[in-house]
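These notes open a run of structures that come right after.
Both of the next two complexes hold chain A, though its partner changes from chain B to chain C.
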Partner chain A sequence: MTAHATPAAPSPTPRDQRGHAAVPPWRDVRNLAWLFQFAVVLGAIALVAWLWGNYQDRSAASNIPSSFSFLNQPADFPISGSDFRRTQPVRAAIVEGLFNTLRLVVAGVILATVVGTLVGIARLSKNFLVNKAAQVYVEFIRNIPLFALLVLMYSAVVLRVLPDPRPGRGGSWEWGPVAVLNTRGIGVLWFEGGNLRFVLVVAVFAVVGAVTARLRRRRSDATGAPARTGLWGGVAGLAAAAAVWALLGLGISAPELSGLRTTGGIVMTPPYAAALAALVIYTSSHIAEIVRGSILAVPRGQGEAANAVALSSFQRMWFVVLPQALRVGVPAIGNQYLNLAKNSSLAAAIAFPELTQIVGLSVANRSPAVPAFALLLLIYLVISLVLSALVNLANRRLAIVER
Partner chain B sequence: MKRSTVRLLAPVVALAVVGVSCGDDDDAPDESARGRITEVQAGDSILDAVIEADSLRCGVRADLPGFSATNEAGEHEGFDADFCRVIAAAVLGDATKVEFVDVETAARFTALQAGEIDVLSRNTTWTASRDGTEGATFLHPTFYDGQAMMVAADTFTSIDEMDGAVVCVAGGTTTEGNAAAEFERRGLTVEVSSFESVDLLQEAFLAGSCDGWSSDYSQLNSLRANYPEGSEALVIFDDIFSKEPLAPAVIDGDTAWAQAVNWAILSTIQAEEYGLTSDNVDEGLTHDDPNIVQFLGGENVDGTVLDTGIGLPPDFAYQVISQVGNYGEIFEANLAPLGLERGVNALWTDGGLQYAPPYR
Partner chain C sequence: MDPVTGDLTALAPAEPPRPATSGAGDWVRRNLFRSVGDGIVTVVAAVVIGYVLFRLGRYVFVTGRWEIVRRNLGLFMYGRYPRDELWRIVVALCAISAYGGVFAGHLDRRRADAGITGPRLTPAARARDLLSRFWPLLLGVLVLLLLAGTATPWFVALAVVGAGVAGRLGGGLLGKRWLLPLLGVGVASLVAVMALLLDAAGWDRWGGLMITILLAVAGIVLCFPLGVLLALGRRAGREVNSIGGGIVVAAVVAAIPIVLLVLTGTDPSRPLTWILLGLAVAGGTGGFFVGKRSSLPLVRVLSVVYIEFFRGVPLYVLLFLSYLGLGFFLPRGFDTPGIVVRAVVVFTLFTAAYLAEIVRGGLQSLPRGQTEAAQALGLGPIRTNALIVLPQALRNVIPSIVGQFISLFKDTTLAGAVMGILELLRTSDVANAQADFAGAGLFAETIPFVMFVFWVGCITMSRESQRLERKLGVGTR
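After this line comes the complex of A and B, so read on.
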């Protein structure tokens, strides 16, 4: 019998304490990954530092200031539609511009959501006319640039539809005490007596209405009678609000025409009206598509089940389909809100004194450009972050609870 | 490449990029995308850069007829455009070697600061803040203007009737502040609407959205001449309520260039004072008065030629007058059709403000 020599076993791979194969550190993948990340971060910091240094050098060479001290300088320009005096500092002007932007953004977000949801639902209607009309609206508006829409709304719609108040050219439209319309502005019935008290009245309405609705719901669950929470809550809330209104001594201010000017009420200037209309139309067309998509994402079985338990079509939409659809759609709709907030800066082109225009005016009146526009970017960043935080809050509350 | 090789090389490359980007700033003069020296360092002047590039980049606008606007052929015409040609004729000897750059109101000073343009000739008011914060150096005012108010005919007869009026201005200039200051001075309230473009302002004015339209008196004349409903539909009040000396500007820190441009402009005024026009400038070369001969860079009887050392060729004034014209000719050609009179822009000998220092 021949003895076969057993081949020698290969020597075992050297291993460290954790059982990993021992590798010299400059070849160790974990080290290299960390080093690469460190190098990229260093590169990014170096780039920013170089840009900053470049900016400082060039400003110093041309004797241009590059600090934020311009905020304390007198603004030297007036702002239409406010009590701002030109001797006030630039930072007060920026605050004024911020309020104007927020007026546009808040009203725009609310209106765009309402209109967008309605159009989105209309897109899914069985009625041929409604469906096609919504389709044409969405397809047309989605595919035109917002700036063109804005200029069109201002020059072709707002300025042409509204009447010229000058004598001999038509005169304003006066709709009783409710509204006065002309190319100087749209005056609408408004309250007078202070913003804080009005907010209190609204709060009372909301609280009383909610409490009444909840009581009715409890009654309805106990006895089986129809709850009609909307009716009861609304009436009770209105009654309480009216009582508080009278108690706080708030009044109503009706718009009146005196000469060419509209006094009283609240006046929406043509730039504001045009900017709001353009933003709402544009954003709502995008929201409509998101709503349509998210409704289609709800399983068909849900709608069929709702029919099976004899819910009316409104109840089916409101209680079954929309809540599930919104869970899918809220992040995308939140994105559209951010777009609206940033697109509001285009209103500067039609003389609406919002934030971008105010900063532009201050730069034209001796504020240094780079710090001013950097501040503008920061403010828009904060607005967007706040908006997206609110949307995330809503998203978390509506989130699909997975079992 | 093996994954391990890539992982080895990647941080090395990253560090190399960092090293290169950190080390580069102060070695060579900053070159703009067009290869010009845009940062003024010892010994470099925009004057040298312009001569080397053989073209003058002049910041103008395209929408103000009379001062600077494009005609159907796309060429820039106007008072400010002609002064660009004056500077080119003086520095380069050829009035056609101008590259016109249309700059927006909001960007005109940043364009100058960034070196995108060599000189700004865009009906810009000379103010202290612009000398300081904007980093501009203003040269001799070519047009002494003032702010005025324009209203639709048959609405108001003077500013004092316009309490609480809506005044529309084309924003981004000294106009809003001046309008507000004037109304304050008279104890009136005003709403100032600031538009970014003159076209939208005109739309708003046509639709009755504005009571008044305020701007520099010269601009109002130009806008009124081009109003769609005709110039009789508008009335410009005679009250001028601010000082608006319109002057070309260059960037701070370059004295050689500033002086060269300044003397190019002043030569047009001096030429009008001497009575030299584009037609008779050749006779000036052989004039009896040696001041005129020297001014034009001609040879004196004794064979000497005056060189003042401001960096311009000795015959720069001759080039300017023969190719473009004297101040009066430039004014007549561009601003007289708008209905503007010399007024305070006449020569000092006629009671106006245009006065050139002696060329000696």
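After this line comes the complex of A and C, so read on.
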């Protein structure tokens, strides 16, 4: 700052403390930044206002309501596979659709994770046949449109390969008490009393298992005895779940044919089965690539160290490689879950009554299109945000705690 | 060790040489029967794979009724494009192929001029290299030619390949200064090709693979300006920590739902009231945290809201909304645009959000020094981005952009389902509804054919983009 140490000759321009000529406000970068921003925001607001004005104008001209009052009107359409009545309001139909979407997404996420992980590990197998089979599966499925797979599953597999239960048309495939398959539906052995009680039993299993595992871990930290969290947690969880099951008097119910209908067990409608199969196959191929990539991302030395301390190949995978691979893979796999949730909307095209299909039906039955779809977009947005929040949470739990 | 000579080998008795680790038997032992368990897995896998291959082969060559694909091949390729005007498509294909050839030749010349030369390949090795790169594409073309069963398509294929080869040879003559003119010619010939094709039939009469490609290309090209702007917007301004900026942004963001709330009335029994209140609280909180981190917080928030909205909702629903509702958002007196335009609008807006995230990745991969050097030279923000930052950032993310194009290419199938555009997959429904095939339900022939065409396109693009990624050395520089 020596150059500015000499007192400057008095000049008409004002100067700041350092002796620089003060920037006039219309050239101050901070002011320009705010000016620029307000211009951008005003432009955006003007665009939205223009669209909104056009919309109001158009809907007034064609006498279409632009409010959400349609939610309270009777739906006037049936929902297949549900005891929904036509006189119930649209809002109830949308809740029904949300429930169906969640049924598809939850089952899809669980199955896609299992299948994807297995295929991803198979992709790294040293066995030539297993490796190549997994590679062909992944390279084929990843490079075709999900929607083509979905339509194929529905119109060429579920509706063509499965037998028609009507008399003289082929009957049904009955695989003992495990499953009954025909074009009217796919019945599978399941817990009596449906999904809610099943969820309760699973929740008891998870909570008791987790608590036991944590106690074992604490004891192991204190005494140095082997923790065996998986074994103890699993057994305790199973015992608790079995106790709850017995207390509630739940049983297992096998699917049975009664006439053309399949009763008992859990019965998947053909669109549900096709959509689930397509979503699982498609998403699992993407998850498999992520699993493979994240396992390859674990430094080789980790596996070699596990070999050096004589861990079995299962132990090496389960205790050493997978936990580290998870850290790399979780964000990407979470993205796939998000994609699966959004892709579940395609099931509307094969008439599975999920959210999009229900809203489409209600629009076809005199609900105004723009508010109805705006609501639908909002619901999907909330689902996406909740899912990504969960993924972020998992990511934070798994991240390495650095000192 | 021999204590006298210090010979290390003397202590160990001479081992017989190990059996040579090559040959078929050794390969089988190492790759199929490493252990007993491995052997069991191999046997089971062999039985399953053999069965699947047997069924698949029988289906493809014996039981499959491919008549429907053979008779409708034109429908699958170009839809209802007038039959007398097909030469236009041939000309367009030759032009595209020639341009691709010229560009590839030019790039090769540039590399040679810069002294980057790969190993000299003999013609046979070069053919093998091309075959291993493009076998899916070759297989696809061969299947199409065999299905067509007439001679004309063979000549078309020959002409297209010939144009490509001629272009490749010609492109090798063009030196470094030709890059910009070539890009200009590319844009001009794209326009010319479109004009040539549209002159005979508007795009509402296009179909099959042709409209699929049109939708995907239009989506990726048109989304570029918006996508790049959003990426820049999301990273706009300097990193700061200003509570004041956060409060301003929170106020602006929360004001929008509150104004809406005032306009629509505050009836606590309506769900809308609560939704808007929730939006105000969530938007205000989010706006505060995004806003306090940048010197251009409002621009950032706008970009983030746009990107996260379009990435959080399904494309299918957006297409549905555009199909039924786009007309509502245009001023009175404007006719609702045709279905192809309605689809392209959605593909453009949707892909822009994903492109913005890709470009953001490219911007983040650039060292700060690039921007700082540009500023040191006295370049303003616009020239810094246009001349220094974006060219490097975009080059680094070309493979991801190809990936986005592939997923857009696959997503065009949704436009068929929602809007009835006659793209590839929808053609399958149309073919099955024809009088000759109605009721036969030959979906198990048409859909696999469509899948095969998509697979050929996607796998070729994805393999080439992986190759490009290796060539660009992304992440290794």
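Definition applied: the second predicted complex is superposed on the first by the 333 of 403 C-alpha atoms of A that agree within 3 Å, B and C clash if a C-alpha of one lies under 4 Å from a C-alpha of the other, contacts with A are read in each partner's own complex, and residues count from 1 in each chain.
Following the convention adopted for this analysis, a contact is a pair of C-beta atoms (placed from the backbone, for glycine too) under 8 Å apart; a residue touches a chain by one contact, two chains touch by 3 or more.
No experiment lies behind these values; they were computed from the predicted model shown.
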item	value
Partner chain in contact with A:Y380 - chain B first, chain C second, else both or neither	second
First (chain B), second (chain C), both or neither touched by A:V40	both
Partner chain(s) touched by A:R160 [first = chain B, second = chain C, both, neither]	both
Partner chain(s) touched by A:R397 [first = chain B, second = chain C, both, neither]	neither
Touched partner set for A:N127, first chain B, second chain C, both or neither	second
First, second, both or neither for A:R300, with chain B first and chain C second	neither
Which of chain B and chain C A:F147 touches, first, second, both or neither	second
First (chain B), second (chain C), both or neither touched by A:N343	second
Chain B and chain C footprints on chain A, overlapping residues	33, 36, 38, 40, 54, 57-58, 61, 151, 155, 159-160, 348-349, 360, 363, 369
Sites on chain A touched by chain B in the complex	26-27, 29, 32-33, 35-36, 38-40, 42-43, 46-47, 50, 53-54, 57-58, 61-65, 70, 76-81, 86, 151, 154-155, 159-160, 162, 164-166, 169, 182-184, 260-261, 270-271, 348-351, 353, 357, 360-361, 363-369
Of chain A, residues touching chain C in the complex	30, 33, 36-38, 40-41, 44, 51, 54-55, 57-59, 61, 68, 71, 126-130, 133, 139-140, 142-149, 151-152, 155-156, 159-160, 342-346, 348-349, 356, 360, 363, 369-370, 373-374, 376-378, 380-381, 384-385
Touching residues on chain B, where the partner in the complex is chain A	4, 7-8, 10-11, 14-15, 17-18, 21-22, 25, 39-40, 105-106, 109-110, 113, 129-130, 132-135, 152, 155, 164, 166, 168, 171-174, 176-177, 179-181, 190-197, 200-201, 203-204, 206-209, 211, 251-253
Chain A partner contacts - residues on chain C that touch it in the complex	30-32, 34, 38, 41-42, 45-46, 49, 237, 252, 270-272, 275, 295-299, 302, 309, 311-318, 320-321, 324-325, 327-332, 406, 410-411, 413-414, 417-418, 425, 428, 441, 443-444, 447-448, 450-451, 454-455, 458-459, 462
